Amino acid sequence: MTDKYISKDGLNGLIASVKASGGRFVAPVLDTRQVVYKEVSSAEEIVDDYILPRNSYKEIAFPQTEILAKYELTRDGVTIDPVEIVARDTVVFGARPCEAASLASLNSVFTWDFIDETFTKRQEKVVVLSLGCVDADDECFCTTVNLSPASTEGSDVALYETENGYIVTPLTDKGTAFVSAHSDSFTDVAKGEEKKELVNPEKVEGVDLTKLGERLAKSPNYDNPEWAELTRKCCGCGACTYSCPTCHCFDIIDEGTAFEGERRKNWDACQFNHFTLHASGHNPRDTQYKRYRNRFMCKFHIYPTKFNSTGCVGCGRCIRVCPVRLDITDLMTAMSS
Amino acid sequence: MPRIGVFVCQCGNNIEATVDTQKVADETKKLPGVVHTESYKFMCSSPGQDSFKKAIKDNKLDGVVVSACSPHMHEKTFRRAAEAAGLNQFQCEITNVREQCSWVHHDETRKIGTDKTMDLTRMTIQRLKKNRDLTKITIPVTKRALVIGGGIAGIQAALDIADGGQEVVIVEKEPSIGGNMARLSETFPTMDCSQCILTPKMVEAELHDKISLYTYSEVEKVDGYIGNFSVTIKKKAKFVDESTCTGCGECWEKCPFKADSEFELGLSKRKVIYTPFPQAVPNIPVIDKTRCPKILKDKCGLCAKVCGPQSIDFTQEDQLVTEEFGAIVVATGYELMPNKDFGEYGYGKITDVISGMQFERLASASGPTGGAIRRPSDNTEPKNVVFIQCAGSRDEKRGVSYCSKICCMYTAKHTMLYRHKVHDGQAYVFYMDIRSGGKRYEEFVRGAIEHDGAMYLRGRVSRVYEKDGKVIIQGADTLSGSQVEIEADMVVLATALVSRPGADTVAQTLGIGYDKYKFYNEYHPKLKPVETVTAGIFLAGTCVGPMDIPESVSQGSATASKVLALFSSDKMAREPITAEVNKQTCNACWDCVTSCPYVAIEKEEIKDRKGNVVNMLAHVNDGLCQGCGVCVCACRSKAIDLNGYTDEQVYAAIATF
Amino acid sequence: MENELREKAKELLESGEVAVVIGYGFNRKKTRITPVFITKPEETDKLVFNELCVNNLSIYLTRKYRDIQKIGRPAIVAKGCDIKNIVVLITEGQTKREDIHILGVTCSGVVYKQELFKGELKPEIMPSKCHNCDVRNPHVADTVIGEKSDFTPPEEPTGMVFDKIKEIDAMSDSARWDFWNEHFNRCIKCYACRQLCSLCYCERCITEKNMPQWIETSAHPRGNLAWNLIRAMHLAGRCTFCGECERGCPVNIPLNLVNQKLVLTVKNAFGFESGIDENVHPPMIVFSEDDNENFIK
Amino acid sequence: MPEEAKIETEGVFEPKIMAFVCNWCTYAGADLAGTSRMEYRPNVRIIKLPCTGRIDPLFIMKAFENGADGVLVSGCHPGDCHYTTGNYHARRRWTAFKDLLAFTGIDLKRVQFSWVSASEAIKWVELINNVTDDMEALGPFMKFKEMNKKGPNQG
């Protein structure tokens, strides 16, 4: 399919069209002094001056809390009533190319040994309209992990900002189908309509992903005192994992009153002390640097080798949100040598 | 799945009238874990309990709920029955249906009562599912009592305990036991001589083979709990070897140095090596190390030279001993309000204004004047004596708000003693009210007025001053409505009884409560008057508040009966409703230690295999914990829980709501 | 001032008096401040102190950081407000006064969040605590570094937090409920508030207690409300209003309001101020017989 | 009628009230009301604890979460505590907690605090009747009920 065009004003038509077909339109909006992904009903709500929303759009396919089943305790035992997964057609507008690459990574986790339908059913219904970045901040490092504002991995449709609108490039079948389904909202690209220049963040000096991977693979390095020295300031808040587009750990818990309740799947984070605490009281990751090491290993060794997928997309959220300013790229640099 | 039985009592018609107990039984049987339910006319009756026990056995129940009357009524009954049927008694829970449902909701359709009973029973069932087996706590008992204070209350307590066959140690901070009673001349209302009735008891205490006297000693530290106190006692250096001293008196005869006698309240002198009074028990002197020139600057040493058995030892030092006790009786007594508080009565400024206790010494046959009433300034016989009552008592602004209770009686006694010794003397008494409640007390006061001619003036004294060797008293006589001025030779103040200085420190050492006047708090002022909140520590005599000799003696005996009851077996059992610390999650912030009303939480050292202290964690002492649960709420990490009322149990009840 | 700080740190490390200096340093790009742990005298040049040094480093003294404790006796760079937390930690037996060296720094205010700083510390980017600071000269310290401040805080506390509390107090119940529900609903239960709070040092947080699970772990309004209220209760009489919880909150919940509200309650009801005197017990574990009880029937 | 009550206009509203009481004073006072055959409103469900000092703010939160329209907390009068000082500790906690609840928009009539001694059966009866009346006037505690209805924010 050839490129299309949609003006900023024209977005309202697209939103209406998506809604009319029973879908929802998610885009970056301003909420309590932060840009976040939220369902919108008009184009005016959408902000265009942002680096990245605070939250990751992984929430759409992997919500923070998910009810898996309802249960009831009776004299005859426990009756369990599974909850049907309601997946809605969802359009994510304005995702950044870095983040777009993340769902693929999540998909490999949720499908390798067991197909987690709570995730896949939702993911199937998500159409990602990524928007090439015309700005970057100090924390962006997609180029360091071999992505860029021009990356298309994980995007269904690529959008490129112009003076008054966006040039629309469908990338996948899903993307083509989406543009076709809402063809009224798009026009052909007018002559002279120019893409704004994409801005690449600077590559972090000294990072070599191959060397990094090799080094992490060597077990003696696991107990290198460097880990503690580099990460002992980590306060274990887990804000990084909860903002990260590729973090995917969860916990299943039953919550309710005496005779009934719900089984819920909740986000969990390897940064929490409780995450690995055994019933015996022993905790294999008993100090914070071990927990941080785990997250780092997960991103740059375990998942890349296990699934050949990108563990870190360089969105920089973890650096922005970190209250102690622990910079993952510092570790990447240190561990590349 | 648990196997729970629910027993709904009809209580005759008391419950059945407003609650359909059969319906409750039928409905609760539908709940998970409930395998047996029944409704019965009288669960607490013999047949009721038999069927209860049978049901437990037949159905192999592991928990039972009895929906009946208040647990305050029959919880013990059913728990005992459950235990008899082989259940742990703490797997039996009561739902309060009668007092808190059927009796208070008079709905004839029985809908309200039945619904509520079902709700309450459901809550109890869910709570019960979280119950754990608990076993009564048994504590070994050291059968040895400590009596702090060797006044009449302490002596009585010690004698009664010792007569009951148990060992007692009396710790007395003065060189002799006897306390304030030893100072008194005669006692109201019988007028028998104080020394005559006290001395035999003192001697009996000294000679009793179950009693040890630690005189000139003080309690420094108290650790442990009921049955198991560990007490550190400071034995102050007497500089006299108690084991060899015969009490012959040669040393104090020869000692050339004198000091004001504490026992005589400054009315006479004593030597620097001394016994406080001639009948002292033990009759062993001590050296006043603050005044002895041998000790201060290595001069004199005459006493050592004259001592036949060579008992004087100037090198003695204070000694700390730690001993084990099972119970403690606190009988630390009182003192009179210090004179600096009575400027307006001239006390401390005018020599002939004295306290009631000083008058006792003047009237005592063994006192400084040999029993003759002489005024301190010129040693002449006073012809007019004014007694001022409520000096400090019932006077919230300058003194204490309470009534010192014994002053009305002893003032009446003073006027009589005075008249008996100075036949032409006139006693005047300024009083607010006369409080003479007690057997033969009122008659006694009347005798003082009618027989011995004391002049009672109702009113307060406004001014006391000295003029030409006389003490002038100006005051009001409210009954005649006139101002009075009396030229007296001597004034006697019925000063308020107050707690001893340092009473608060002693209380803190012991972990018992005290009021704003530093009198010790009883566990319950009416029903537990000699107990304290700290189990195993008892109170006798005036450390609790003003009281007279018969009361003090009764309290001494009462504490003895408490102690003997405690010592009646080698171990004591306690309800296991106590707090418990989860050592995995304790933060060692000590908030529990601070908030515990019983000093029941200790800082426990956690050691590694080599014995090095690696951590400090909270530890609940089962012997001291009373199970209030204050610590549980103070603990943010919920590292403490209260057995019998655990978080899980409470949560289960709330979640059933 | 920084030179003085570096010299002192160097001296402490060289003499062996401390094994680690917990302080502030720049990140790689020199754009932000981040905590640093200096163990070698030659590295003390990394230490800085400026208006970006908002972190309360006292969290690193708590039991959660066993690996830092293993290094040895620490010196800690602390502003007056941070010292208040250290004082509470001492009161609650989490550290001993003699076991740490406090390098107190005089302070003229820091930024509310580092990213707001555009080269100049304007009053509007300072947190309310700085506008009312009574400890710009450290009140408990082994060494005080920096010029003495002669700032006197206003008699009536001023600033956004105090204005907002007044505003909320004046609202109707429903408006207050809606206000808080909207904020608490955003809570993602990441517990950054807890992790950044040096007084949230529990071995096991109440949310982690699961028998029973008092506070639901799901991101549900019910558990969110319970978590935020119970955390506030656990900090009642202890919170020093350092503001770290709000700064760390990734979803901007105005936690300072709740905590300061209780600071005010405790001050009014019990006359207590946290973090001033290590020998005074926090008010929620003691009592006075004369406490006001006009709300009890 | 307050707006919250309008939501549930069908049927008679029977408020659910949870009472946390201490074993020695208030529980005994409630027993006395029973022994004296006094009558009061049936809406209260009592949870007995040894002392008000054992009553954690968590209990109150949990009661509301579980559908209580009102919570009553009661124990011994100051000075009467069986454990000498438990109620003083409790009083401090309530002082802070009530301010916090009010600050978050919970009407303080929903949480009531009281001292009821073992002899104050009449006070107990009046208290329960008054609290029940208060809850009826306020209507169901929709704030929590609506929150309960709300599911987690799912994708």
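We just call them A, B, C and D in the order they show up, numbering each chain from 1.
Quick note on the criterion: a contact is a pair of C-beta atoms (placed from the backbone, for glycine too) under 8 Å apart; a residue touches a chain by one contact, two chains touch by 3 or more.
Being a predicted model, the structure only gives us computed values, none of them experimental.
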Selected pair, greater C-beta contact count between B-C and A-B: B-C
Reference chain D; chain at largest CA-centroid distance: A
Centroid distance [mean C-alpha coordinates] between chain B and chain A, Å: 70
Rounded Å distance between chain B and chain C, as computed from the means of their C-alpha atoms: 46
Distance from chain C to chain A - Cα centre to Cα centre, in angstrom: 31
Distance from the mean Cα position of chain D to that of chain A, given in whole angstrom: 45
Interface hub residues of chain C, defined as touching at least two other chains: 204, 206, 214, 218-220, 284-286
Numbers and ranges of chain D residues touching at least 2 other chains: 62, 66, 85, 89, 93, 151-153
Residues of chain B whose C-beta touches two or more other chains: 584, 595, 634, 651-652, 655, 657
Category of the chain touch graph - line, ring, star, complete, other: complete
Interface residues, chain D side, partner chain C - complex: 57-58, 61-62, 65, 78-79, 85, 88-89, 91-101, 103-108, 112-115, 127, 143-144, 147-148, 150-153
In the complex, chain B residues that touch chain D: 70-72, 96, 98-101, 103-107, 112-113, 115-116, 119-120, 123, 513, 521, 533, 577, 595, 597-598, 626-630, 632-634, 642, 644-645, 650-651, 653-655, 657
Contact set on chain A toward chain D in their complex: 59-67, 86-88, 90, 122, 257, 264
Touching residues (chain side chain B, partner chain C) in the complex: 584-591, 594-595, 616, 634, 636-639, 647-648, 651-652, 655
Residue ranges of chain B touching chain A (in the complex, touch as defined): 1, 29-34, 122, 126, 584, 652, 655-657
